[in-house]
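Next come two complexes built around subunit A: one with subunit B, the other with subunit C.
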Partner chain A sequence: MDAEITPIDPMLDDELAPESPPLSATMWMRENLFSTKANTVLTFVAVSIIAFIIRNVVAWIFAPNRGWEAVATNLRFYMVQAYPAGPEPEIPNQFVRVWVSAGSIVVLAALSLAAWKVGTKVAFTKLFATIRAAGAAVALVAFLGPPTQNLDLLSGIDFPVIGPLLAVAGSLLGFFIEAALMTGGRLVAFLIGAAIVVGAHLAAKATKPRGDDYGFHSLWMVFGAGAIVIVALWVVPFGHYFFLRGEVGFETGTIATSTSGPWTVIFLLAVGGYFLARWIVRLLGEKSLRSLLVLFWSLSLPVIVLFVLRDPDFNPAKDGGGFDFLPATDVWIWFIFGILGGLVIAGLSFPRLGELGRAASGLLVIGSLAMWAVPMLMRVRLIGFLFAMFAVGAQTFAGDRRARVRYVGLWVGLTTVLVVLFAAINTQSSLFIQGKTFLGGLTLTFVLALTSILLSFPIGLLMALGRTSSMPIFRVMSTMYIELVRGIPFITVLIFFDLILILFLPGNVEFDSVTLAILAGTLFSAAYLAENVRGGLQAIPKGQYEAARAMGLSTLQLTVFVVLPQALRAVIPALVGQTIAIFKDTSLVAIIGLFDFLFIADKVVPAQTIFLGIKLENIVFIAAVYWMFTFSFSRASLKLEKKVGLGEY
Partner chain B sequence: MNDKRDIIVCEGVKKWFGDFQALKGITTSIKEQEVVVVIGPSGSGKSTFIRTLNRLEVHQEGTIVIDGVELTNDLKNIEKIRSEVGMVFQQFNLFPHLTVMQNITLAPIWVRKKPKAEAEADAMKLLDRVGIPEQAEKFPGQLSGGQQQRVAIARSLAMEPRIMLFDEPTSALDPEMIKEVLDVMKELALSGMTMIVVTHEMGFAKEVADRVLFFDYGLVVEEGTPEHFFTSPEHDRTKLFLSQIL
Partner chain C sequence: MAIQIEEPRQRQQRVPPWRNVTFLKWAAQAVFLFAILAVFWILGSQAGSNLEDRGIDVSFGFLNTLPGIRLAEGIDVLPATGGRALYVGIVNMLRVTVAGIFAATVLGIIVGVSRLSKNWIVSKVATGYIETVRNIPLLVQIIAWGVVITTIPGNLGFETGPFGCTDPVSGCEGWFFLSNKGASFAWLFPADGFWQWFAFLGVGVAASIWVYRWRYHLKEERGDETYALTWGTLTVVAFAAIGWFVHPIMGFLGYLWGWISELLDSLPVWSLQAVLALLAVFFAGLWIKRFLDDRRTPAGLAKLTDDDIFRIGSAAFAGLVGVIVFFSLAGISEWILNSGRDLFSVMDDKFEFLDGGAPLSFGRPSLVQPGNFPNYGDTGLTMSKLFFPVFVGVTIYTAAFIAEVVRGGILAISKGQSEAGLALGLSRTQLLRFIILPQAFRIILPPMGNQYLNLAKNTSLGIAVAYPEVVAVGQTLYNQTGATIPVITLWMLFYVSVSLFISAIVNWYNRRVALVER
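Moving on, here comes the complex of A and B:
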């Protein structure tokens, strides 16, 4: 082992692997499609089936009697249902709230792109190859597109056995002849597709010598696409219909009047914000910007839903004036838990407290549980429970002085946010609310899905830990809950919450349908999340626990710093699947009378007098929207997985 | 050696896994700054023994006193002892999601409540000591086995333990990496650390150990200085074992 070894340059003697020659198109086809006689037959059969399907789908989409205008007219309805306008004409519309919500999300996203340096270099060669493929697809669809005439050449022949075969052959032949004879819009589309293919091919050839390093930042593509959409909004004469108070309204000209203006502003703000953020990152580094954005993102959902869209009416004039922006009770709750509680937590975080601290936080936990036994405001119970949790963690997570200050600050900040949110929930909305809720359409779908996922996450985590815990009581409780919920369909849970829960709750507690749906979704998905996380927990080797214990970490510290980060990383795919499932499952809320995305397509639009019975188009439209979101979400999670996978063995 | 006081005292330590008795009454004591090497055939209870010393395993009979504190179920005693006894495992057991620096500073920051900057400065010194200061920002998965084990040693040392336990620290390593880890351990022994080392590296035992314990069937069959142990063992089982591995 100690012998002198002369280091060898490892690159010195290696031969280069022989370069595989690029396959020509015909050779590729011969190898992959026509390698044997049987494969050739299979290829032809498969191609015919695909062509048949594409033709029929395209024919269906472009058929002159399709009712797409039912979708186009109801777009606003699909997005926000009746949100912005009350039923009375004199109530001013509240469009601006929707635009502020959409705008702040888009701008936040743009800032995050800059702060997390998203994007890669795209080579021109690759871009042109993609454009070429897109052009080919357009040409192909046009070629296969809806038949203008039906050429069933040999259909009249009536021989046994051979007759049907001839008929099939005849219709196939007719298919191709007809396709070759295309005219009008199809021909134009085909020529455009072909032109794109040729142009992109030439461009690819021209840039090929400069290699794959010759390219541009991928975000330019995003901005470019955004710019094209914006320009299209201004110049393409879509016309804009909308459905309001039982009538179809119509805005002439371009879509401009109500849509393109705001989108243009949002787009400019987003692009401007992106470059501003890039500049800040260059100047100050990305760390502070990232933590600021994380804060904004975590506040965005409640702030947008409760303040921007719902607009609680903290109107001082109503209660006889005075400085009464927050109801007096909430100020007291804030003072007692936030300020006095903060002092208690600061005291408990003293490292030298030891055994005494443990006893004190134990008492606080018991106290917080006792609050559920006596009549008390629900928000006080919830904040009290969180307070006890923070007190338990004080010894564990407050390290040196800076960490202690941060911990107490976190608690005070959290109580402040919670108290304000609870006050907002408990205050009348200033909007004129039509029907059961101010939310509807895709907005409702998103609010339900995001809220349920976010709320179920901590519950699911706790339950997973409980199920794997060494304490029998936690284990039994978690297992019972998980197995109970997983054995019940979501619809049942929803109906249960809608009908029965009210019976069990004290009379003064009332929930609106959205809250109920969120509650059901949260408790339902928590059980599935718990099972996913448990899978991740079981994948962690025993040695990790032993090493952490041998270093003196407490069970809580070991769980938070060692176990959970690894377990969550291992279950990202399952978590994404769960999130997508919740997103789609929200469509079930229609049965408790909410106007979600699916309900509008299924029941509302087909019932409008002018669009009576037009359903399939609407269902196809929302299917496409659902698919777009779930697909891009699972794509994004693939990237995330690769990124956080860095630390794995 | 004799003027040093006992830092670990074991009296009749017994341990069962179900019906199977893994430790059948271990009685020994270890002095401050002593380096004890534990050898013995596989399954003889070596790991179980040293794991009872920081209560990763709970012994059922007998007493273990470490630095004057008896190991019982009292949480406070366990915490005190764990922060004084460092342990290095055969499989390194580094935390794969944390960088080398974070692996080392985790316990000092959250158990010892050291300010982060101080913990990081100390960690850098330790990385220097084990010879890999340039790897601080890497993840364990990006290091070789020998480097990982040295990080694991640095991680244990960061808690400033008075006793270090090693459970076959080089058994999972490729031959060319064993030496770099043994060198770190030798340096540690010379600096006066109290060490208990389970190992099959006889060279290390001969060179560094003050005393050798030979385990078989859950018992200390023979103990003595390395010279005595390797040149004139008394028990047949020891002779057999030595003839098999030397």
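Moving on, here comes the complex of A and C:
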């Protein structure tokens, strides 16, 4: 890649770290593996444990009666569950919506890679070293793996009773016998691994003299991997079965043939978008692109879920549905709260209003609370409450004209978005779906996790402030809530919302179980988030408060401009950890019967006629997918921590 | 020339209420409290009418009626009442929790220390374990273990192998069995004389602490090694060994327990009520006194803010509520008296003066075949196929987190501490005993308590593999009786009390070891 791409963050490359002189292989082993007698024993124990695990795992994965077909065939099911995909006549194929959603996320990600200039330079030497290690791993696994030929040697000792060492001995013996007979897949895999090691080693040696500067941009690796996957989709027939009307058919349509086209288009769009965005950044600078992308990202979840996937039926020709109800309520709500409310907020942020403004916003808060006592539309109450909160905040932004304009603009934009979203929620979906909800599989897992964490963030923040506040009633109530929720397991909260909540609401209010699960997740994780944020609040030195007070900031200004930015920065690792925890916790909705990722692997696929009883394969597959996501989250958070300068003392 | 002194204003101008910060704060809180109460009231009245419409039972009557359910395992698989069924569920939950806490602590410490090992491969294995286990949802792991145990190759007992059993029909013993019925292994069981021996051991521990202090004191006086720790350990061992033979003499405690039991039986209920009420007043007063002492400076009592006054007021109020509750609800005191009496009479039964067999008995697992299918005999300790996935799942999962806690605690001790200790001439053991471990423990214990709490809550996932712990039993109960609200209330009460119990222990420890600042 061209020379202008430099590491974005000097902290990311460790040129400042002192380089230890490379040890020779024997020296390294003596130092790290055999330094003392006890160490040698430990090494042997660890090696036999690893060998034992590898051997059994490989044996399990490649056993001839493994039902991996169940996973491959149900991949679509795992991703989006029963999203209408045709080809039945009465259910029109709506799968293009899934592709649009997936595509917009991938393209947004590619644009963001360009706008934030993600990636570093990868030296060829390091790349080849990594490939060499991977090849060595392949060779090692092949070497330790179980016999591919039934040589009738040491049979019956596969199981843990004999102990790892004998198993290793058996597999080594088997390997040499297989090698002598020149048979078996193990030998082929071993030879491929060995070839990779030799080739990569030679390449690494050849590139070494040119140093670490001789390399390429790391994104090329991402694009290359993507290209390999795309090509593989065209070449390899992944999945040998297909689904039609709940029946499983064979061979005619494979997963690969139905997904290769869309994925290719998405991939090309993403790569093209990346270079386009690079060009725009070079031309106009990155600032405007970044803010645009932040806007897109924040709108992406509701737009994709409510509009693209759910498809609200705004068809004006249809009776009952359509646009005709919009002017009646929603447009008025938008006008009253968005436009008139915007004017009120603009007035309240007038600097010379003084105490009167505070009194007025206080009255607005009381009024917004009183709205809950009067029967009216729920969305009006919610927007009214938000309006009161914005009115209270208005004085904080009094002063600078530009800040006032931006504040009012934010309010008008927010109301517009909210009104549109509420209208979409209240409109019938035009989808013809078989289950209760159009969400399922991994999509549902992601929607649950993201929505819960996003909605719980403001609640958790308020509760953390409440718990550290000097106002006793706020403190006592926040503390009680937090401690109660943290004391009970998530599954009881889920069951509570699933069964009980409906009893407390008026008869005409209905929630589907996905909404209930989101509510449960939100209120549950809010308590944990509050504790995380509280940790950050306590880490702020007292001098900060005193300095802010001395400058004459109000409590709100002190909180928004001084305390929270520091507190949130300090708790980034904890917040990411909480996000990961929520992502893992969404699997619990399988217990209350939502068709999430786990439920499909645990209950649905093992019940299909031709895959009857194939369960562990499915569980292992979803475990691998969960692991992939959580592991990359935690790695990304480590990088983020480094970037904002945390964890360095 | 007279110096004009400005007259100090006699009366400070009164702040109008809309500018009075204290007033505004309280007004906002009152409005908020009122709003919350109103919401609860509205929801409650709505729930009342909804429940009436649907004819849903919200009484706790199911606790006293026959639930007609059969539990898969536990101390009582055919419970006579709903309350008994929940109690069996609680015992099952506590069984897996306690076993899990022990196993996860041991495994977690091993993995955490291994991750810090200088041995490259050992630390990589530990890292791999942690990164794999904690990034996969626990529920997925529990379900996977459930599948593993039910599809394990070979039926009960393996056909071959040194630990297997070739002929289950005639029955045989082994050391460790693993099959689709669960796992069974050799174990030490408490036998007849266990409690008397245990009491003897308690005396031994007290004695060993005394011995340890004495040797330690001697060491400080003389300055040479007195092997205090060895002496202490040997004392316990000696008591255990002697107690094995002489433990029947501890049976005299049985008379004591019996006497206490009779005393509790004869005590009138009002006396306990009075004691409890006095205790409530005493603790409220103690809290207020400590609070005021805290606010006292050399210059006298600091000015109390409205928040401080609120705290003092609520402490006093809590004390008052305690008095009222204990006097108006005699049932609480009666229950305490009755259960105390029962507890001591059970303990009386366990202790027989100058009587009793071996304290512990050793049992090996066995296979028996009473009917068509082989099963485990009751000689070994058996983990059922329902217990196994929950236990293994929560143990392996929590151990990964405990390992990180342990690693963090050890890493947090700065290198200067070890260097300073070594420079003082401490030996490696002394360094570990007096410098590293006390500091690491201070850091490790609170998050460790959190992990135990998580483990206790995570056992509720046993519902996914039908392990009959309190959530699963509760679900069965409300499916039978329709009493959802009472069951969920009981769940929450139970889990909140478990978590309050664990966090009370952790907080107590924290306060004990907290660094005194300034």
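Just so it is clear, the second predicted complex is superposed on the first by the 562 of 649 C-alpha atoms of A that agree within 3 Å, B and C clash if a C-alpha of one lies under 4 Å from a C-alpha of the other, contacts with A are read in each partner's own complex, and residues count from 1 in each chain.
One rule holds for everything that comes next: contacts are C-beta pairs under 8 Å (C-beta built on N, C-alpha and C of every residue); 3 or more make two chains touch, one makes a residue touch a chain.
Predicted model only: the values in this text are computed from it and were never measured.
Engineer: Where does A:E355 make contact in the superposed view: on subunit B (first), on subunit C (second), on both, or on neither?
Structural biologist: both
Engineer: So in the superposed three-chain picture, is A:I366 touching just subunit B, just subunit C, both, or none of them (first/second/both/neither)?
Structural biologist: The answer is second: A:I366 touches subunit C but not subunit B.
Engineer: First (subunit B), second (subunit C), both or neither: which does A:R569 touch?
Structural biologist: Touch status of A:R569: first partner only.
Engineer: Scan A:V96 for contacts with subunit B and subunit C and give back first, second, both or neither.
Structural biologist: A:V96: touches no partner chain.
Engineer: If we overlay the two complexes on their shared chain A, which of subunit B and subunit C does A:Q544 touch? Say first, second, both or neither.
Structural biologist: Touch status of A:Q544: first partner only.
Engineer: If you stack the two complexes on chain A, which partner ends up touching A:L202: first (subunit B), second (subunit C), both, or neither?
Structural biologist: It touches nothing on subunit B or subunit C.
Engineer: Who wins on subunit A residues touched, subunit B or subunit C?
Structural biologist: C
Engineer: Looking at the overlay, does A:T396 come into contact with subunit B only (first), subunit C only (second), both, or neither?
Structural biologist: A:T396: touches subunit B, not subunit C.
Engineer: Examine A:L588 and indicate which partner it touches, taking first as subunit B and second as subunit C; both and neither are also allowed.
Structural biologist: Second partner only.
Engineer: Can you list the residues of subunit A that meet both subunit B and subunit C?
Structural biologist: After superposing on chain A, subunit A residues 355 contact both subunit B and subunit C.
Engineer: Applying the document's contact rule, which stretches of subunit A touch subunit C when the two form their complex?
Structural biologist: 32-33, 35, 39, 42-43, 46-47, 49-50, 156-157, 159, 161-162, 355, 359, 362, 365-366, 369, 372-373, 470-474, 476-477, 483-484, 486-492, 495-496, 499-500, 503-507, 580, 584-585, 587-588, 590-591, 598, 602, 615-616, 619-620, 622-623, 626-627, 630-631, 634
Engineer: Show me the residue ranges of subunit C that touch subunit A in the complex, using the header's touch definition.
Structural biologist: 18-19, 25, 28-33, 35-36, 38-39, 42-44, 46-47, 50-51, 53-54, 56, 117-122, 125, 131-132, 135-141, 143-144, 147-148, 151, 153-154, 158, 160-164, 305, 307, 310-311, 314, 457-458, 460-461, 463-464, 471, 475, 484-485, 488, 491-492, 495-496, 498-500
Engineer: Under the touch definition given earlier, write down the residues of subunit B that touch subunit A in their complex.
Structural biologist: Where subunit B meets subunit A, its residues are 54, 56, 76, 79, 82-83, 85-87, 89, 91, 93-99, 106-107, 109-111, 113-116, 139-141, 152, 155-156, 159, 175-176, 178-179.
Engineer: Which residues of subunit A touch subunit B in their complex?
Structural biologist: Going by the criterion above, the answer is residues 1-2, 351, 354-355, 396-403, 541, 543-544, 546-554, 557, 561-562, 565-566, 569, 646-649.
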